[in-house]
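Next up is a structure, given as structure tokens.
Note that the chains take the letters A, B, C, D, E and F in the order they are written out, and that residue 1 is the start of every chain.
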């Protein structure tokens, strides 16, 4: 049990942050363990609703790879990946859309509402939020670099945040699945980290927070004392080259860079496995991961 | 080619309707052939966008039975029905939600947007739109009437139209799948006609229009000259008893009654197979089906 | 009797125009046969009210030469004209003002109101709408060109549309007689076509429509197949010189040019003898006369 | 030349009245000598503009009998009166309308604007301001009282002040001629005093001021020391019976009663021959005529 | 140093309170040690500014007895008291006003502003906030109870909170000295606790908090385990009679009752000697004194 | 007793001024005899309230030297002056603040309110109105000019008029004592004339009026016919050098210059001994002192 002095000190620390973030927009990329573990799920949803309580406008964007894979298998389709990107034929993109927009988004909406918030599940088609074009993946071929067609995987080329701005003004928490539409009416699956970066930039959000399954970025992943609390954009290329940032961390770091270039003030890669890591990140001086900043 | 006098006469007829309906809400139950035939699909979407153009607020609610059945079969599940109601286990309601909210709603949104409108696909979970309770179906058992559990089929017990009102004010066309949430967080599948009636009542809509695959209600279905252009609520029970209204027409007529009791002025069961039947219904004196009125 | 397909086609054609012109201002110069024939009078007034119904802001400006002449004669004054301009002594301008502002404007107001609109009859004195200076007419004299004084005929030198903007916002249809005030308190009679052009420019109207007693402008007036549907400003001087535009058509064409130079998008000289020619012009692709455009 | 102490005393007296009347509506019946004498005309117009300057909303309504008579004579028509009411055939009402709405209203508008105000000349047709029905005059016939048809003389049966309220909000001074429309589109001439009373009531004006050519109402018109400064409604019938109020004064006093019954706080019959009598009435304790009050 | 779990738990506890109190008004009676000790002074001011930060509207009202006494003595006046009430002659009330309104209020304003808030120092004269009448004190005289005149000590008979409401809307923190005006222009000194109760009632505050130099109200003041955390209004008279509430605590408890009767939801007598006791009271479940409630 | 013609002439003269100044801000430096004589006090307060009545926003700023001196003496302190500036130690500034903010401001507030206005007494600390820095006085020392420390006498370095703007919008008359705060929390006494100039500039006032005990500035003070009615800024340095402006008049003239440089249109040094000199200055063409203008 905390004493009154300790409690008072947390309040004195937190209240200026609450003032500062009031009325501001925070984009949260939701994924990983925090989306699978029941207790973490509830702690994240409670944090989002509490943030809304004190005037912050959270916007949630989520992935859902494991669930897509599961339904594909039930329908007898074997998932295939190229450099971590899912090869996505017409049937696969339909499956992805049904899983992301028809199941996961609506599930998150339900959870937020059970914690006392008001939420709306949307995809990038609604209100023309995300317009995409086909993504051609670069691979090394026998004769040098080649563009490889991996199907209905898209790059976002236009974000129209008008619908979100309307819903935010009306006090809803938007929950977005990373599906986009193409100019010809086709559907694209989008990497959720990448979409989060684009979205934060288009909303002129104050913060982008990506929930991950690691403590953050390390100088030396073997040595847990080397967590980098602040990473500058200028230092990222070097880190990628040296392998300090690799695999699934690359699109996350790139999303931070996209957001920062679009005017977002601060971006954070935090450990979604710590309960209430979102609250701690926003309302305390505590570092719970790596902050990526412009300079 | 129409002459100028004929054109002028249509305008002189239509403009007062355009004035009258400006700013009013029309709930459209979209289903049947108009949802399957490509040309009709486009004609309906164009009508909806044109209605919006002249200040009407259309709200679309749709079904999707055939598509649900198709996915169930692909997943090796055999659909079962009791008196036309789908027996809906946990897996089936998840399939229904994915098909309705994840596929069909978003497809309609895309089509509306390609015709120049702004649309948002929602389910009854979003913004707490539809709260439902389990529906117990009454069947005749060996020992008299029995309540039969047919799974996650729900009755709407509360409609919260706040989200729709916000979106309408912001000029969006809401597209709604008839999925609801339960107090314990469970998901329910709802008959789309029934949901349309409840929705029209909650929105205090001016009109409810149900697109069907018949010309309307007849006194004698064998004799095509007996189309009833205006049907009074008081005459419905007799017609049902005598079999003049049966099968899938019963929930449609009941939806009209629900809407009328909730304050909707006029309700219409129209022939969705005629191109632009929506426009004709709203902007001309022409009858394109059966109008159900209070008295 | 039109079939539903034909009716639907007119609606599909008209609704985008209705959207497009909603909230926009259309200045209508009312005169000629449409002001004398009872049936045409009613058809014009109905058109104006229907335009208002669907959100357009019509502004009516009218002439009344024949009525002025009639009262002059009853008062024993012989009308005199120089190149079509009425020689206007103090008594004549008082007669003109009484006829235009005291009789014709109020009669139009009454008619619009009997068709369901709200109208206000104004002259260029009200709210300081039109300030004029004396017009000196150029004639060929024995010793070359001379300025001839033809009395209280004025040129508009300032338009103050504030009053009209107020009335339009409050949903009134302004009906304006082409009378102006001078800096010294004197009254001027103004050519109504010329005033219409100035007014459309000052209101930043979207359209100026002049109702005339001809089908439009022809390449060869003998050959009715040579109607010019679109006339460019640049081609006007040539046509005037060659006599293709002459007499009362000159001030009409000049009014179009004034309006276009003032920012009006489109100007039209249409045949006021066709019933509902206004509606057809505004809401269909049909050409009912000659459109004068910048280039 | 006034000393500073005297000037200060007028200001100290006037400023509370200025505060009190700010934002309030004063209906002024303009007529008599003040409408004929050039100097008085200018002093009235200056007063009206000064009242507007300090936030009062003056509304002017005027008569014009002598001018109507003059034009009738020029057109060869002999004016006829029954008990002071003009017998008004179709031609006469057209003449009256042209003179009142087409000449006098516009002249007053011009004068107000030359003194720095903004004015709009209206008749009872504009915006449906005055709807009238035929007035049947009661005369003593050989067989007792009879209803006599004196033509297009009307009784106001409905006042729609919406247009005036709009113009007042937009800072215009409405100038109204006492012409009304009938349900069948016909035109009626109305007694201007009577119209002023109806108008003040419909506008919920704070004051009605009638400018006349007498000092006010006297107990004994022979004895100029018997001016009644305050007359109660209850005392009026007695005064009329005894002849203390007669002729043209009757409709003036009745207009005051109509206004008071309609909620107007104070009504005044003042001497329009005193320069600036309007200012003195409104801004000083000075009595410049007879005030008629409820009790 | 607190761990992240403890910090998170304080935030999860506090955020719903922050939401709940946002936009609400809290009247704080400031006095006692918290007004004398430099560290406590700063902690109170910081709390007030932090409350403002998160949307609460604090209103401060203060006393200042010791300072008044000090200045009186410096001016050679011997303070006199009757039952704890200061005998207040004309000179004394002038001194009291100068000390309270001219020194202490302005000092608190300065401190709040140095902590980042915006404050305004007011007395009950400003904007007609407190109107008072002479307070006659009841004492036991030789012949029974007597009304004793103790000078310019007043009872508040009218509170006009309009000025405070204006300042609150404009984000200022009002700081009020308990001085009132009389109908004849005279000045009254008011007990600050009593004034706080009246003020909270007039403002329809949500909370009244009185900072005192005790832990709260005890059942048995000898036994520190008997602190009463919630005291019902109905139990107060008994406690006063039995001496459980006496001396300076009586006006404080009465202020709570006044506030509760005026519609204030909760009132609190808290220990101003604990740093940040205000924050703890408002944002945690922790009790830091005695809450007085209606029932 | 004035006749109606004289009264009317004052009104005709005053009403345009009333219109002109409506909504404008007039800063009034209140001091001298007008603050000591009971009758003048009441006449000034009445003027201020009457100005407010007709839409002007008066802002009052006052001095109080004689009262400060009196309290100092009662507390046994001997006032000391250097070149007319009070030497102000810590105790003196506390006395000055209590007298100005705690006594005189509140007394003026009471008087304004008894005349029917709404007033608020403020010091330069409230809402951070006046921030000051220490004023070092330049004197001639034995070795040339020296900076002399005369204690807590300040120069205003920043004016934050936000609070005043709020109060003015809410119809209050601010009454300001010339006390300021320093960056370190210390209190400064400020010359009230100087503060008035700074304040008028910061408020973008339309007028600054300084009430004095002289008729104005003279060319030759011996010859009362040489009153300067308009003084140009450019002519001031010469006048000061020649001694035409000296003593207490110097800071008054400098205040006018500060105000004019800050955008105030007109500044006036008027004779506060004439009753209602404020009204005369604002609402008549009468000169009641010296107007200082830019050029």
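Here, a residue touches a chain if its C-beta (ideal position, glycine included) is under 8 Å from a C-beta of that chain, and two chains touch if they have at least 3 such contacts.
All figures in this text were calculated on a predicted structure; none of them were measured in a lab.
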item	value
Mutual neighbours - chains that touch chain D and chain F alike	none
From the options B-C, E-F or A-B, the pair that copies D-F, where over half of the contact pairs coincide	B-C
Numbering shared by both copies at the chain F-chain E contact, with half separating same from different	same
Rounded Å distance, chain D centre to chain E centre (Cα mean)	62
Chain A-chain E separation of Cα centroids, rounded to whole Å	49
Rounded Å distance between chain B and chain F, as computed from the means of their C-alpha atoms	74
Chain A, residues touching no fewer than two other chains	none
Graph class of chain-chain contacts, one of line, ring, star, complete, other	ring
Chains listed in ring sequence, where chain D comes first and chain F follows it	D, F, E, A, B, C
Chain E residues within the chain F interface of the complex	74-75, 94, 97-103, 106, 109-111, 113-114, 118-123, 125-128, 163, 166-167, 170, 172, 179, 181, 185, 187
Residues of chain E touching chain A in the complex	2, 4-12, 14-16, 18-19, 22, 46, 50, 53-55, 274-276, 279-280, 283-284, 286, 288
